[in-house]
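One structure, as C-alpha cells, below. Some questions next.
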Amino acid sequence: MIRFEHVTITYPEANAPTLVDVSFEVPEGELCLVVGVTGSGKSTLLRAVNGLVPRFSGGVLAGSVVIDGKSTADLPPRDLADVVGVVGQDPAAGFVTDYVEDELAYAMENLGVAPEIMRRRVEDILDLLGLHEIRHRPLASLSGGQQQRVAIGSVLTAGPRVLVLDEPTSALDPAAAEEVLAALTRLVHDLGITVLIAEHRLERVVQYADRIVMVPGDGRPVIVGTPAEVFGQSSVAPPVVELGRLAGWSPLPLSVRDARRLAGPLRERLAEVELSAFRRTPRVVGDVVAITDGLQASYGPVTALRGIELQFRAGEVVALMGRNGAGKSTLLNHLVGLREPASGTVRIMGAEPHRLSAHEVVRVAGLVPQDSGVLLYHDTVAAECSASDRDAGLVAGTTRSVLDQIVPDIKATAHPRDLSEGQRLGLALSIVLASEPPLLLLDEPTRGLDYGAKQRLVELLSRLAGEGHAVVIATHDVEVVAAVADRCVVLAEGEVVSDGPARDVVIHSPVFAPQVAKVLAPLPLLTVHEVELALAAVGDLPFS
Amino acid sequence: MSISPTYPAMSCARMSRAGRAISVCGVVLIALTGFIVTTSGRAEASSCSGPLSGGELRVVIVVDATDFGGGSSATCLVVPTGTTGSQLLARRSAELGTGSVRYGSSGLLCAIDGMPAAGCGDHNAGGFDYWGYFNAPSGSWVYGNINPFTRRLSDGDIEGWRYVRGGKGSPQDPPPRIAPSRSLFPVLAPNASAVVEQPAVESGTASSLNSSTTIDVAPERTSDPLDVASIVTTTLEPVAVEGVALASSRASDSTIGRWFAIAAVFVLIAMMAGGAWIQTRRSR
Amino acid sequence: MTAPRLLHPGAWWLWAVALAACALRTTNPVLLCLLIAVAGWVVVSRRTDVPWSRSFASFLRLGLIVIVVRLVFQILFGVRIPGTTLFSIPEVTLPSWAAGVSVGGPVTLESLMAALYQGLRLAAVLACFGAATSLCSPYRMLRALPTALYEAGVAVTVAFTFAPQAIVASRQVREARRLRGRSDHGVRAWTASALPVLEGALDRAVALAASMDSRGYGRRGGASVSLRRRSVGLVLLGLVALAIGSYGLLDPGAPAVFRLPALAVGVIALVGSLLAGGRSIERTRYRPDPWVKPEWIVSLAGMVALASFVLAGKMGDTLNPSTNPLEIPAVPIVAVVGLLVATLPAWFAPTPPTLATVSTSVAVAA
Amino acid sequence: MKRSGQHRIDVIRLGPTSWALLIAAFALGVVAFAWPLFASANSALDASHSADAPWIFVILIPLLIGVILAELADGSLDAKSVALLGVLAASGAVLRLPSGGVAGFEPVFFLLVPAGRVFGRGFGFVLGALTLFVSALITGGVGPWLPFQMFGAAWIGFFAGCLPPARGRIEIALLATYGAVAALAYGLVMNLWFWPFVSSGDTTVSYVAGDSVAENLRRFWGFHITTSFGFDIPRAVFTALFLVIAGRPVLGALRRVARRAAFEAPVTFIPAETGSTIH
C-alpha cells in the first residue's frame, strides 16, 4: 500500500539530507507505528507519504514514494486526497470551516462528490467516529478528543485507503487519547484502512501496532519490523518493554496484560526483599513557599476552582494531575498572579502575587505556560536571553548560562520558532529560571517531548528541587510523575480529590498508575530504574 | 469581551428603548411641523383700495409666467412694514390660493404658482430657465441684484417676477411684460384721510411714479394693452379675497386629515415597538 | 409552520435592499419612521441569538448619530434660507487655510426640518443594512457566494475560524509578558503582543495550508478555454459599459441610453462573468441552502414595498414633503400599505434554530 | 531572512486581464469616490434631483471587487496563499477590534503595508479587501461604507506592493512614509465618499452640482478640515510610528513565513535509480 524506495530527502538551505535512503513497505490494512527521537525526521517521513514533502516544503526527494500504485512525483497532494488522508498534531490548526458537518464535508466538496453521496458519507462517518451528537456544534466548542476525531473524520470522508497521523494524541489527556486511539483501531479492523502513525507516548499505542518503523535520525538507516523485533534493539521503548528487556522476557511484552502474564516469577522474587530501600529517597523539604487558602476562581458562570487549600514547600516536586478542565492551569495562573482570586487568598513568600508588579512577581514565582512559545517573542535566541536579563534586571549573560546548563548547544542566532519542542521548552524554562524564583510552575512540560528529552527534564527538575526550588508540574504523564514527583495532587472539577505522597496516590489509581506499577502491583515499585536496583539487591540480574 | 466592539451589542431593554426613541422623535417632529403650519396658516385679508392702518404698506407684485405657458398677473397687496420680497411672494400665492412658492435647497427660487412643477434653474439653450427678480425703483424694471430675502419693501413699491427661458442670469434678461406703471394700484377710496396721514416721502414716491408712468416704456414691452388691462382687472380685490377664503379652507381640511393619518401611522409604529420589546423580553 | 432553519441569506438581503431603496425614494418622516419600525419588527421576530444579530440596535444608534451630525452641520454650515428663526449663533469665518467657510448665523426651523428629513432617510437606509446583517449569518452568506469567488470565500472562512483564536492568543501573549516581568498594560504591551500573535498566525497558516491541500483544496477541473474566454469577454464588456454609464451619470448632456441602461448592461455582464467563471470549476456544495416558498415570500415582500413606493410617486403623493414653506407631511396610503406588506417575513420566514452553542463558544473564545 | 528578502515574491501574479481589470477598476473607483467634484448640474448625480443616484456606486463597487477577486484568484491562488490571506485578514481584523478603525486609529495598515510589500501587489490588493470585509463581518458592521473601505484598503495594499526595492533603514523609512501618506489619503477618500451623504443640500460645505471643480474642492476641503482632519493626522502619525517601531520584525516574520511556505522554493524529484547514488 505504502512503498518507500530509496527515499532521500533534503530540504532547501539544509546542508545534510534529513532522511537517507529510506526503503520500506506497509501492506494494506496494517497499523504502522513510526517511532524516533524528536528531530529524527519522523514528520518528514509522514509528510512525504502524500507528497507534502517536498511539494509544500520545497527541497529534493530522491527515490520514489508510491501509494496505492500512485507516485507522489506525478501527483500533488490535492490529487492524492482520495488516497491518503493526513491528520496533524493540533487538530484545530487544520480546520477550515466552523461547524462539524461542514468540516466533514469540506474534502468532498473539493473533490466534487455528488451531494447525495456526500450526505450519506457524512452520516456514515458521524456514526463510525461517534460524532452524531455533536454534528451541529461549532468546532470551537469541542473538547480536544472530539476535535481530533472530527479532524480524522474530515479526511476519512474523502474515502482514502491510507491514513497518516502525526502525533494525534500528544495534545490530549489520557481519556481523550483513548477515545481517539479506539476510533483508529476500529478503522483499521472494520474498514481495513492502512494507518501510519507517529507517537511519542509509545505506551499508549504499542499494543495496537502491527509494524514499527524506527527512524533513528542522523542518517542511520531506518529499522522496520514487528514491535518485538524492533524494540529488541531500539533505544526508545515504552516502560513495559524495558521492563521486559530487564527481566529477559521473550517475546517482549507490549501491553500491561502480556507483561503481567509473564511477571509472576519476577514479582515473587522481588517480594522477598524489603523494597522501600530501593525507592527514590524522598527529598528533604524546606519551609512553606506558597500557600493557598480557600482559593475560589470562576470564569463567568463556570466555577474553575472551589476552595483550594494547598501548601508548597521549598525543595519538593509536586505533580498536579486531573482531566483537562479540572482546574490545573487555573490554579497555576493564580499562583503566578495572572488572575485575581474570586475569594480566598494566594500567598507566595507572604505576598499576594496578583498585587505585585510584573517586575516583582518574576522574583517569587515563575510559570512556563502550556505553549512555551508564547514566552518567546524575539527573533533570535540571543535576543531572548539578553531581553530576559534586562527584564529581570540580571547581569548580562545569566539567562544564557542557565540555558547552557539545561539544553547545551543551541545556536545563538537560531529563531526561537525554528527550535525543536524540547529546545524551545528549555529556552522558555531558562528565561523563567534566570531570576531564580523560589516557586517554579510548569504547565504540561512533557508535551511533545521524546523519552530522551523527558529524561533530561526529569533530571533538571530534581536538580532544581535539590537547589531548594518548590517545583509544581501540571501533567498527564504518569511516567514522569513516577520518576520525579514527591507529592501528587489530583484535581477534579476544581476541587482537590487527593493529596499525598506521589507513590501512594499513583499506585492506588487505575488511571494514573505507571505501567511498571500496573505490572508489578501490588509491589510498590514505579519505574524500571527502581526494579533494576531491587533486582541488583536480590543478586540475580539476568544480564549481570 | 464582546465580539463586536465597534457596535457594542445592546441589551434588549436598550434595544426597545431605541425603538421608543424613534417613535418619540417622530412625534416631536410632527408636533413641530404642526406648530409651524398652524402659526403660518393665518392670512388676514385687507383691502388694497381701503385706508392703510399704521405699519402697513401698499405694494404691487407682478408675476409673468407667459414664457412658461401661464398667464401674467399684477396683484396689489397690503402688507406689514418690514415685509421682504420673498415674504411678499409667499403672501401673494397664499391670497390667490395658487400653489406655494418652491425654493431649492440652495435657496434659489424654483417655482411660483407651481410653475415649473419640477427642476430648479435648469439648463436650457446654453442658459437657464429661471424666475428673474425685478424692482421698479424709478418706474422702469431694474434687474434685481438685491436678494429678495433681504430686500425690505416700502409703500408703493412694485415687485416683478418673470419666468425667463434660456436666460443668462444677468440684467440683459427680459423683465416682466406688464410695465411697472402707477396704474397698477387701484384708485383710492374717496375718504383718503388715511392717505393724508401718510408720511411725505410715500406720497412723493407715488407722485414720481405717476409722473414717470408714460416715460420709458420700450415699444416691445407695451405688449398689447388689452392683455395688460384684462389681467389688471382680473387681479383686483374680489379675486384676492376669494383667494384668501380658498387658501384658509384648504389649509383647515387638509391639516385635520393629515393629522389623523399621521396619528394612525404612529399608533402602528408604537404597536410594533411594543411588540418587539415584548418579544425580546420573552426571548430572554 | 416550517421546521426551524436559517433562511437563504440572499432572500434577506433582497428584502433589505428593497426596503433601503424605498427609504431612498422619500424624505417623508412618517414613512421613514414606519420603515425603521418595520425593519426592527422583522429583525426582532426572526433573528438568531448569535452576537452579530445584535448589530441592528447598533445600526439604529448609528442612525441617530447620523441625524444629529446632519443637524449640527445644518446649524453650523447651513445656508441662510428665510423662515421662522429659532435661534441664531454668532457668525464666524474660518481662516483661509480652512477654505474660509463661514460658520453660524440664524438657524431656521425649515432648514432644521430639511436636515432632519435627510438624516432620517440615511438612518432608515442604515437600519435596512443593520436588519440584513443581524438576520443572516455571515457563514451562510459565504456559502452563498458564486463559485468564482470560492477562493476568496475560503480565505474569509479561514479568517473567521482564526479570529477568535487570535484573540485568545493575544491575551496569552499579554499574560506571557507579565510572566517575563514586563507590564501587560498600555499601548506598548499591545504593540509588543501583536507581533507574537502574528508569528503564531503565520505558522498556523502554513499548517492550515498543508491540511487544506491534502484535503483536495484547489483541485479544479481544467477550465475550458472557451469558458475562460467567455468570462473574460464578459468582464471587459461589463467594464466598458460601466465606464460609459458612469460618464453618463456625470454629464447631463449624455443621451439617456448612456446612463442607467449602460450601467445595467455593465452589471449584468459582470455578474454573468462571475457565474461563467464559476462553472469552469467542478466543485459541489454540501447541503446548499434551498430557495423555496419562504425565500420567495420574503424577497417578494420587499419588492412589493418598493413597487408601492414607486406607484405612490407616480400617483403624485407627497413622498418628499416640502420644508419651505413647512407643511404637514401627508401620508401616502399606498406606500404605508406597501411597508406593511414588508412585515410579512416576520410571520412567513422560518424561525431560526437556536444557536446558543455558537454564541457561547464565540464568547468563550473571545 | 535577509537572503530571502532580496528577491521580491509575487504570490499572486497579474496577467494582462488582471491589469486591464485593475486599471479600469481604478478609473471607476475615482468616479465612485470623487463624483461630487465632477457631477454637473442636474446630471443624474445632482442631489437636488434624486437621492439614490449615489447609491448606484454602493452596488457597483462590491461587484467590481468581486470580479477582481475572482480574476486574481483564478489559478494563482493556491492553498498556501489562501491560508495566508485568511490568517492575515483575521489578524488585521483582530488588530482592528480595540479601535474599530474609529478615532483615527487604523491598525489595519500596520499589517497591510508590510504584507503588500513582502507578498506583492496582487496579494496586497486581495488582503486589503478581505481584511476590512472580515472585520466588518466580525463586528457586524456591514454598511454602505464597507465596499468603499474595502476598495480603499485594497489599493493601499496594492501600491504597497509597488514600492521600489530597498533594504534596511531605507526600506523602513520608505514604508513609514508610505504608511503615513496612505493613511492620510484613505481618510481623505473615505471622507470624500461620505461627503454628499452627511452634508447633502443646503450647507456651505456641501457639494454644488455643476459648480467648478475648484469651488467644490474648496467646499470639500472645508468639510474635511472641520470634520475629520483631527482624526487623519493622528492616524497617519500612528501608522508611521508603528511601522518605524515594529516594521522590521513584522517584515522579518512575513519573510520567514514566505520562506517556510516555500512559495518559490524549487521542488525536485529524482527517480529511484539515481536516488541510491545520492549519498
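Think of it as A, B, C and D in the order they're written, each chain with its own count starting at 1.
Everything that follows uses one rule, which is that contacts are C-beta pairs under 8 Å (C-beta built on N, C-alpha and C of every residue); 3 or more make two chains touch, one makes a residue touch a chain.
Just so we're clear, the structure is a prediction, and the values are computed from it rather than from any experiment.
The busiest chain interface, judged by C-beta pairs in contact, is C-D.
Chain centres here are C-alpha means, and the one lying farthest from subunit B is A. Spacing of subunit A relative to subunit D, judged by their CA centroids, is 43 angstrom.
Centroids of subunit A and subunit B (each the mean of its C-alpha atoms) stand 87 Å apart. Our note on geometry: subunit B versus subunit D, Cα centroid distance of 51 Å, whole angstroms. For the pair subunit B and subunit C, the distance between C-alpha centroids works out to 41 Å.
Residue positions of subunit A touching 2 or more other chains: 56, 78, 417. Shared contact sites, meaning residues of subunit C that touch two or more other chains, fall at 51-52, 54-55, 58-59, 62, 79, 81, 114, 154, 157-158, 160-161, 164, 167, 195, 199, 203-204, 208-210, 212-213, 217-218, 252, 362-363.
The residues of subunit D that reach two or more other chains are 41-42, 79-80, 97-98, 138-141, 201-202, 249, 253, 256, 261, listed in rising order.
Contact residues of subunit C toward subunit A in the complex are 139, 154, 157-158, 160-161, 164-165, 169, 172-173, 175-184, 192, 195-196, 199-200, 203-204, 207-219, 221, 282-288, 357-358, 360-365.
Per the touch definition, subunit A reaches subunit C in the complex via residues 47, 50, 52, 56, 76-82, 84-86, 88, 90, 92-99, 101-102, 105-115, 118-119, 122, 136-141, 154-155, 158, 300, 333, 336-338, 357-359, 361-362, 366-367, 369, 371, 373-377, 387-388, 391-392, 417, 431-432, 435. Remark: subunit B residues 1-4, 6-10, 14-15, 18-19, 21-23, 26, 29-30, 32-34, 36-37, 39-40, 84, 86-87, 90, 100-103, 105-107, 123, 149, 254-255, 258-259, 261-262, 264-266, 268-269, 272-273, 275-276, 279-280, 283 touch subunit C in the complex. Contacts from subunit A toward subunit D in the complex involve residues 5-8, 12, 17, 20-21, 54-64, 72-73, 78, 219, 379, 415, 417.
Here subunit D touches subunit A in the complex through residues 79-80, 249, 252-253, 256, 261-262, 265-272, 274-276, 278-279, going by the rule given at the top.
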